Every structure is written in C-alpha cells, then in structure tokens.
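Two complexes follow with chain A in common, the first pairing it with chain B and the second with chain C.
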Partner chain A sequence: MHSGTEANTVAGQQHRTPGPDRKTRSRRARGVVGFGHWWWALPGVLVVLAIHYVATGVGGFFAFTNWTGIGSFQLVGLANFQKILGDPSKILALGNTLFLAFGSVVIVNIVGLAIALALNRTLKSRYILRVLFFMPVVLSPLAVSYIWKFIFDFNGPINAILKSVGLESWQKSWLGDPTFAIWAVLIVIVWQQTGFAMVIYLAGLAGVPTEVEEAAAIDGTTLWQRFWHVTLPAIRPAVAISTTLGIVNGLRVFDQIMALTNGGPAGATETLATQVYKQAFSLANFGYGAALALILSAIILVFAVIQQRVTRGTES
Partner chain B sequence: MFRYTSGSLIREIGVWILAIVFLLPFYFLISMALKPDAEVYTTSSLALPLNPTFNNFSSLFVASGQSNILLGLMNSIIITAGSIFGLIILGSLTGYVIARSTRRWGKATYYLFLIAIVLPAQLGAVPLYIGARTIGLTGSVWGMIFLYTGMLLPLAIFLYAGFLRGLGTEYEEAASIDGASRWQVFFRIVFPLLAPATGTVAILCGLIVWNDFFTALIFLGGSANQTLPVSMYYFIGSLVSKWNVIFAIVIVSMIPILAFYLFAQKRFIQGFAGGLKG
Partner chain C sequence: MTQHRRSHAQRIGLFAAPLAVGALVLSGCSSTSGTSTDGSQSFSLSYAVSTGVESPFETLAKAYMAATPGVTITLNAVPNDSFSQTTSTQFQAGNGSDVIESQPGSGAGQRIITLAKAGFLEPLDDGATALIPSGNESLFQIDGKTYGQALSISFVGNILNQTAATAAGITSFPTDFTGVLADCKTVAASGGKSMFVLAGAAGPNTGATASSIAATRVYAEDPTWNQERTDKKTTFAGTQGWKDTLQAIIDMKDAGCFQSGAEGAGFDAITNGITTGTTLTMFGPSGAAADLAKAGAGNTYTVEAFPPATSSDKAFGLASANYSLSLNAASKNKDAAKKFLDWMAEPAQSKTFADAQGSLPVTGLADLDLSGTNYAPVSEIVKSGSYVAFPNTGWPNSAVYDALGTGVQGLLTGQTTVDSVLASMDAAWDQ
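What follows is the complex of A and B.
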C-alpha cells in the first residue's frame, strides 16, 4: 500500500513534466493524495443514524400506541393526540412553552443588544463587563434556578426589599402565585440568556465598519436614525442567529421548571418538556408521552426551518 | 491614551450599575451559604452573615447515597472528559472525510448531520431509554459517554467540517507527496492544524454535557453513577428550605465551571460567538 502510493506519486510527477494537465492533477489530488479513507466516517455515521434518526423514528411510532414501557401494546391511531387536545392542562403547557420561548427571546434580545451597544468600542472597562454579563451563560440552568428560587421565596430578598421600602402588602410567595409563577420562570431564563445574546451582538457589531457610521454622523443623522438605518441592517445575521437559537432552546425549557416550581402551583408552569418527562418516565405513559414529544418536536422543527430560511435570506 | 468625555463617563457608570444589579444573585448566594443554621431565618436575607461559617460546606462531605455531591462531581468529570474525548476523535475523523470528499455521498452525509443538530432530543429519548435499559446501559458511566458522544456528534462534525473548509489542502498534499500514509497525514498534519476547532468542540460540547440535566436524569436517575446536576436535584429535594446548605451545594457545583470560565474566558466567548454562527 505504502510503496504503491509512492510509485503513483512518481508516475504523476513524470506525467506532469510535459505540461500541467488539469485532469491528471485532479485525479492525483483525489486518488493519490487521498484525504483519508471513506470508512473513517463510518462509525460516526452509524452512531448518528442510531441515536438520532432511528431513535426519533421509533419514538414517532410509539406516539400512535398505548405502550406503558413494559409488555405489549396496541396501535391506537390518533387517540393520544385527541386526548392531548381535549385536555386543558396540556393546552396550558403548550401555551406556557410558547410564552416562555417568545417572551424570553424578545426581552433577551432587546436587553442583550442594548448592553452590546453600550459596551461596543468606546467603553474603557468593556472586557471585564463582557466577562461578567456572560458569566451566567456557562452555569447550569439547574443551579441558577435554585438561586432564584430563594430570591422569590417568601423569606427571600424580594420581599425583604419590599418590606424595607414599606410595601409589605405587596409581599407574597412569588412562585406559589399561579399568575406570577410563569413570569418568575421567564425572569430566570432572561437573566441567564442575556449574556449569550450580548456576545452574539458584540461579534456582529465588531464587523460593522466605523467609517459608515462616521459618514452617517457627519451627514447629520440622529443616534436613533444611525442605529435603525446603519447598525441594525448590518447586524441582521446576528439577530437571526440569536433569536432563532433562543426560540429553539426556549421551547425545550425543562431544568428551570423542575428546580423552581416542578410545574406548580396546580400545573400553572408546566411546559411540554416537563410533561413529556412526567408522562413518559414518571407515570409510565410511554405512548402518550411520545405523542407530546412529537408535538414538541414538530414545533421545534418548524422554527428550525424558519431559521434556515431567514439566515439564508440575510446572506443573499 | 483613553479620555472620558462626559457622555462616555455617564455610560460607563450606568453600565456598571446595571452590572452590579445583574450580579446581585451571586451576593445572595455567597452570603447565605456562609450563614449558620441559626441565622437563616433570624437575619434579613439581604444581610451578610454575623458569624460566617464553612460548616455548610463540610456537611456536604459526609452525605452519602443518592445525594453524594462529591461522587456526583467525580462522575460528571469522568463522563464529560470521556464524551469530549470521543467527540474529538470521531468528530475530527468524520468531519475530515466529509469536508474533503468531492463525491456526492460526502455532501449527503453532511446534510444528514446538519439535520440531526436541530432534531430535538425529547422524542428519541423514550426509545433510547428502552434500548439502553434492554442492553443494560442505563446507570452506567460508559453508556452515558457513548450516549453523549452520539448526541453531540453532529454539532462536533459541523464545527470541524466548517473549520476544515477554510483550511487549504497544501500541507496535506505536501506531506502525501513526501510519502506519508493517510493516517500519518491526518494525525501528524491535519489534527494539529485543527486545534482551534478542537478547542471550540471541547468548550461547547463539554459545557452542554457538564450542565445537562434532562438526559442524565432519565438515564442515571437513582443509580450510583449520577452526575452533579442529578445528585444536586435529589439532594436539594430532600432539604426543606435549608437555604444555607442548598447554596453550599450550588456553590460547590459552580466552582469547577466558573474557575474554568474565568481562566479561559476569551476562548469561551469566542467559541460561543463564532462556533454557533455556521
């Protein structure tokens, strides 16, 4: 094998001396230089096929069965989906999922962009501030949620602050309040994700040429006009990446709910991801849980496709 | 030299105030973790501890069974390191073959991995769990390393292939003409050139594995090989409002990743900003 490669190389070189021929060169690049063997990719392809495609396909199949995880099962058609659509608690979980995904994306991106604009270029301590604002991103959502669980606790800092400014009547157990609990979850997600959006926008802003902004400034535009007509169009790819990643991740919210409220009070903060876990793994309703997972997956895939369209649209 | 104008000074002060408010949760975290039991409810949650103590931390080291934090820490380190190793080996090899392939299947395989990145894990989790249970891989460190490697492989391949496309083939051709075998070309020439991509793969994938709760809860919950987030979840579930102990656990769980982050913050931030752009 080895000597054969050498012999071919020599032959190729001899062949080349009369004059560079495009065809032989490309054959040499492919057949002789040989960038690896095709079977190097085989383990990776097989693992991905098994863990992603086969598993997802089988999961999709279970969505149409009444399997409990053990023993036999029957095909039940669309019964699982009818049950989901007829159950107000599942509709609430769907609504919460969408609320958390879109709510967090809107706030995270506005605040993240504002911080990125403030830190961009002219600020002296921008490097240390960037490190500080990004810090929550690397922490586990579970650990972060426990800190906030205390902050929202009845004996926690929020109520202590309210008490110190004389608003004792506003005190409450924030996570135990059915209307406020979902907002509390939203705050935790926003706090953790803002640094991520900021970093994406800082990278986008670094690519905006200063000359264009300066030229616009000389032309007498206001700060807002410059942002709206110069900066924002230039960072559109960053907006697309940040918002779509935020939505795809926001739709999967699980850790924060498990740590903060476990879905309570009275199911007010359940999401599709927590319901998938509870139905499939705690209550052994594998088929029903798979049907919920299929709905969640379909929603995520729709937004992933939109992401592809949007990013491609901004490139051209 | 840097000079403040009145505008930039106001902006700087404003951003610092925002940063301090933003970081207040860390103040509550540290302050509470240092309070002795007697002060948890008698002192204001805004106040610093009167008699700071490290007892909450030392109490973690005697806990055993499902809620053993140190064991969880060990398992997390082993599983994260093993997954990163597997992702670097499989990811670089597969990414290399795909990025350099001129044939049609190379492109098709690339899309196979691209779609797998966005394919949500929730639907596959159920059959994967059944499969792993059947062959006895639930609750096992090796099973978990294999699972994470497979789950994050599309992302690793995507990062490697993207990096390789921007890398010329001159070095490989030169080495090949000098008589290096394909394995030698890959391990002596290509792999060292891939170092920046390897760093991004290690940071992004390592962070996802280290912080993962959903998969670890399903596959390791209740076993002796629980990772840190799972043992933290069970431990805290057994503590009713003992915030000082809970926060000691939270701090212990955060120290490794925070130390790593502050040590290599530039690589972290670049990895996130550049790696996910694709």
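What follows is the complex of A and C.
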C-alpha cells in the first residue's frame, strides 16, 4: 500500500512537473504555426483534399445520378441502389466478394503462419525458403494471373498431367467451369498472398522470447499447448495486422479476376470491384457503377472498423 | 523585421510556385486541340490501335501530310481496349482531338450517335452523307444531319481456313444447318480438330457468333427488327428467330462443333487454332482474314456467311461500315480537319484504307468484282444487298450486347437457358 502511495505521488509529481514546460512548448508551437508554417503544408493539404476527398465525394455524388459517363445527367435518388439490391447478379457478386475476402484471409493466414513457424528458427535452409515463399508477393498480380491462366487452360499443364496418367475424363476447362472458376481465383490469390502473411508472422515471432517457450516446454506442455497458450497470444498484433490487410485487399480483388476469368463464366466470378469497372467504364452506366463503388467502400469501411475494434480489444 | 518580411515573401512564393507549376502541367496535359490558332493547317487525330502494325489511320495521315505541305497532323494512337473510355473522357473534359475515329451507331463511348447526342460532334457536309451505306442512315445521322464519315465496309460472318478444311475433308462450306452439324461430326472424327473455334470467355466473340447466326434467323426475314424493338413492337424473348439462334449454338455444342474447352477459351484460342488448322472456322469481321493470312503463311482464308436453317431459306449476312471519322464540335481547327475528311472521302483513299483493313471500299459495292478474292463466297450477298448492319450498332446501349455475349457463354456451360438469355437482353434494352 505504502509503495503504491509513493508511486502515485511520484506519478503525480511527474504529471505536474512538466506542466509549464509543455505550456511553453505549446505556446512556441502555436507561435511557429502562427508565423505561417501551416502555409507550407497547404499545397499538400489541398492536393490530398482534391485527390482523396473531393474526387471521392464527386464520385459518390454520381451514385445518385443516371450519368452514362458522357453528356448530361439527372438526379435519380436511390434508384441505383434499389436496382442493385433487386439484381440477383449483383447479390452473387457481393457473395463472391465476401467469399474471396474471407476465404483468402483464413487460408492465407493459416498457411502463412504455419510456414512462418516452420521457418522461424531451426531449419538451416530457412533464409532461402523465406525468399522463395515471399517471391510471389513482389510479382505483378496480372503477370501471376496470366501464368495461372495458362496453367488452368484446357491445353495447359494440369490437363496434360491428367491425360498422361490416364485421367482424361477429369480434363475440363477449369476457368470455364461455373463451380471451379471461383476456387481457381481463390487459389491464385492464396498462392500470391501467403508470402506476405508469412513475413508479418515472422516479424511477430521474432518478438516472442525463447525463454518463455523453453519454460513452458520444461513444464511439460505439448507443442500444440505451447503454440496455443504462449506463441499465439504473443503474436496477436501480427494476427490483427495480417487479417486486416487481408480482408481489405480481399474485398477489392480485381486484377486476378479480370486476367483469369473476366468475371465469367456467365458472371460466376464477378465481384463488386469487377462490376464497378464494367458498369462504369464498359457499359456506360457510370451512376450505377458509382453506386456499386459506394457500397463496396461502405463494406470495406465496416470490416475495417470491426477489425480496429478487435485490435483495440487485443491490446487492452 | 526585414528578415521576417523577406521570409514571408519567400513563403508566399514557395506556396505559389507549386500551384503555378501544377497549373502549367495540368494545362499542358489537357490541351491537344486548343493549342493551334484559328486558321491553322494543323490538327490532331485520335485512333485506336491494337497491334504493333501501323494503323491505316497513321498510313493515310502520313500520306496526307506528304501530299499537302505545311500540314501537321498530331497523331494520338490510343490502345483499343481503352479507346472508348479515353474518347468519352476527353470529350467530356473538352480536350478531345480535332478528328477522331468513331464507330457508327449507339452504345459505347466512341459511337457516333452517342457522341452526337451529347453535343460533342460537328455535323458533316454532303460528301459524308453520300458515303453512308444504304440502310445505315440511322447509324450516322440524327434529324437528317450526318455526324460520321464512313471509311470501309466490313462483313461479319465466318472466316474459313480453306487449306485446313480441305485437309479435313471439307471441300465446300455447308449451305444449311444440317450440313453444318454433319461437317462438325466429320471434322471431329478426323481427330483432335473442330469445325468451329469459339472464344467462350470473350464476350465480343460469343456475341459475334450469335449475331452471325441471327442474320439468317432474324434479320433475313425482318431487316427492320431493331426498329421494331425500338418501337416496342417486339422483344427478344418473343421472337422465334432469336430463340432459334441461341438453340443453334446449343445444337452446335452438342454436335461437337466447337473445340474442347471452348467455354473458357479466350481470343488466343482463335488465333492459335485457326492458324495451325486444328480448328477450321471462326466467327468475326472479314478484316480478320487478312490478318490471319499474314500470321499463318501458306493458308488460304475465305469469308463465308453462316448458313441459313434450310437450303430453301435466304442466304443473308451482316455488313456495315465499322469504321468512320468524326469531327470534334469544339475543334478550333475545323477547316483544316474538314479538308482532311474531304481528302479521305476520295475513292483512292477509300481503297487504300479498305485494303489495309482487309475490308471492302465504302462505295461502289454493287459494281465490285469480288471473284478471285477471299470475299468470293459472299459476293452474291454483298452485290444483292442481302445484308443488314451488325445488329448491336442499332441497339440502345452496350449492356444488351454484353448480355448476349455473357448469355452465350452461359449456354455453353449450362448456367443459362435460351429464355433467360433473351429475357436478360430485353431487360438490358429497357434499362
């Protein structure tokens, strides 16, 4: 109790002591700003406002119009949103968006964490393997997708292997198959993103003290218990970062779909992002595309906020 | 204080400098047509490019500059896949080129009617009106005013690799649908080959396939079908010809007419298949025959019309001016640009353009001798005028053709039915 009181007193003193200094600093800072330093930031602020907020705001405004991308337009209220909600193909696109986002987050993080654990300490070739696993991340998503498109092609290596082992009946147009096409997209995303999750987890694992793990091992815990009760709690911030980035990137996946399937077959792999592009720029429904973009932005915002809350809870 | 005043002035200068530089950069980016003064002999020309080969527009622009000293044409070559978007954005921003490559009809951003209705195109004179192919007036004109100058005629149907067809036992292109299905089986039996190649994942190709078949099923009987649909006197779903068209595609799939994996194939499947002879026939514009002849040495390619349902039905095709030039209403160099358009309208330039495109000249089709050319199989159709413009040039928006292209892929995979595809086309039309 005594020591606690002392600590409070010391803390109070520490709290009070810097008061005048902070006031001085604050006054000085105000003075500096008052003498015009904020002017220096103004061009940058204006550019940020113009590019990020005004442009986005104008784009959002068009969601309530029937603009085709050319000529004049009329305000149509919520008609675009009603049309979206009444269109089964857009609901399918929303479902695909969520499937790819959450499917990729789950698989990428599980596999990425597993690889990070495997390559964390003991393996001699771990540095080479880390480079190999990270390599796909630095490649262009379009380039990666075109390589995979060749792999999935009817005349590509998968079907060639199937034929060589006598499984000709299993051959199919993988990207033209309504059931498999979305899984093909998921495979490509996972293949490219796993290395990124691995790096985040490796950074997290570097901060886990070996002494704690050794102490747990001496206490007779199993490998799984050590992972679940020691390692995983210690790398929760890494989990939060990796899943947040994964969800945001997964929700706006675009390049891979355009290169692999172009949203096909017959819309089976359309997502909100591909629909935004097609409606706004290919089909001259700019207002409708803007409404879709607004919905996509709202969804990303909601999941980002949820993820922030989860992160805050973890830190506390 | 002196120091303070100096620093204050410097601050204002430093603040203003980036804005001034930015304004200059932006104005530099946005001025293509506005840099020349009135009366200048120079102007700018925008056109789409898709290959490394010199565009016919570039060829003719260079020829014009050589023929008329003092004229400078600023060439703006825009990638084909973004041309529509780029064109409409530039016009919207008020910085479109003086002359642009346009396409007849309505729908996408570079279509004549779409741009003219938005007020971006200058009406052209009688010379341009005289070049409009018969029956194509609605694709070039609004209220009697012409907004595009036709450059050449393209026939849309089938391109046959005659060399490969002969090797596969097909000596002549079928004349009815029964013959098509029979030939499909013959070719498939020859091992690893198919009578037709289809890029199922490419909407423009699946759309062209359905349109080519619809020429005989829909438009041969009723050439004014588009107008009737506009007048709401008919629908896709209520037209037996459209049902027959899509059913024909299903029948062809079931008969093994298309290559394996057609439903997921892209344009590369067409190029690879038809030049190597593993597939014999493609659907598309006649200009592709010239391109294929350059790519596949030793092969002979002919332009064919997809056969009617029975041999007693009328042979019919799709032919229209796919390319045209239009004048920017906001151009400051209209006189110079109009002189160029007049020069382009001359028969010599028309022939040069058509030869480079592998298409037909825009005038004198009835008197044209097509024997011995790759157009010989469709010579009678062209000469007798048994054709209409490519259907989607008369459709109100791009979504209708997109619904057709996507729907055909769905028919190949079993995701859609004939009725659902036609219903989605009607919905797209009425949106």
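In this section, the second predicted complex is superposed on the first by the 280 of 316 C-alpha atoms of A that agree within 3 Å, B and C clash if a C-alpha of one lies under 4 Å from a C-alpha of the other, contacts with A are read in each partner's own complex, and residues count from 1 in each chain.
In the analysis below, a contact is a pair of C-beta atoms (placed from the backbone, for glycine too) under 8 Å apart; a residue touches a chain by one contact, two chains touch by 3 or more.
Everything quoted here is computed from the prediction, not taken from an experiment.
Of the two partner chains placed by superposition, only chain B is touched by A:Leu301; chain C is not.
In the superposition on chain A, A:Asp153 makes contact with both chain B and chain C.
In the superposition on chain A, no contact is made by A:Val106 with either chain B or chain C.
By the document's definition of touching, of the two partners only chain C reaches A:Ser282; chain B does not. Between chain B and chain C, B touches the greater number of residues of chain A. Applying the stated contact rule after C-alpha superposition, one finds that A:Ala266 touches chain C and leaves chain B untouched. Once chain A of one complex is fitted onto chain A of the other, the partner contacts of A:Leu78 are absent, as it touches neither chain B nor chain C. Of the two partner chains placed by superposition, chain B and chain C are both touched by A:Pro43.
Judged by the touch definition given at the top, the superposed model places A:Arg130 against chain B, while chain C stays out of reach.
When both complexes are overlaid on chain A, the residue A:Ile51 reaches chain B alone and has no touch with chain C. Shared contact residues on chain A (touching chain B in one structure, chain C in the other): 36, 40, 43, 69, 153, 155, 281. On chain A, the positions that touch chain C within their shared complex are 36, 39-40, 42-43, 69-72, 152-155, 171-178, 181, 261-262, 264-268, 278, 281-285.
Residues of chain A that touch chain B in their complex: 1-2, 5-6, 9, 29-30, 32-38, 40-41, 43-45, 47-56, 58-60, 62-63, 69, 115, 118-119, 122-125, 129-135, 137-144, 146-148, 150-151, 153, 155-157, 160-161, 164, 191, 196, 199-200, 202-203, 237, 241, 245, 248, 252, 254-255, 258-259, 273, 276-277, 280-281, 286, 289-290, 293-294, 296-297, 300-301, 304. Of all residues in chain B, only 2, 4, 8, 11-12, 14-16, 18-19, 22-26, 28-29, 32, 41, 44-46, 90-91, 93-94, 96-98, 100-102, 105, 109, 112-113, 116, 118-120, 122-131, 147, 149-151, 153-154, 157, 169, 172-173, 176-177, 179, 181-182, 185-186, 207, 210-211, 213-214, 217-218, 228-229, 232-233, 236, 241, 243, 246-247, 250, 253-254, 257-258, 261-262, 265, 268-269, 272-274, 276-277 touch chain A in the complex they form.
Residue ranges on chain C touching chain A, taken from their complex, read 8, 11-12, 14-15, 18-19, 85, 88-89, 91-92, 107-109, 114-115, 117-120, 200-203, 260-265, 397-399, 402, 406-407, 409-410, 412-416, 431.
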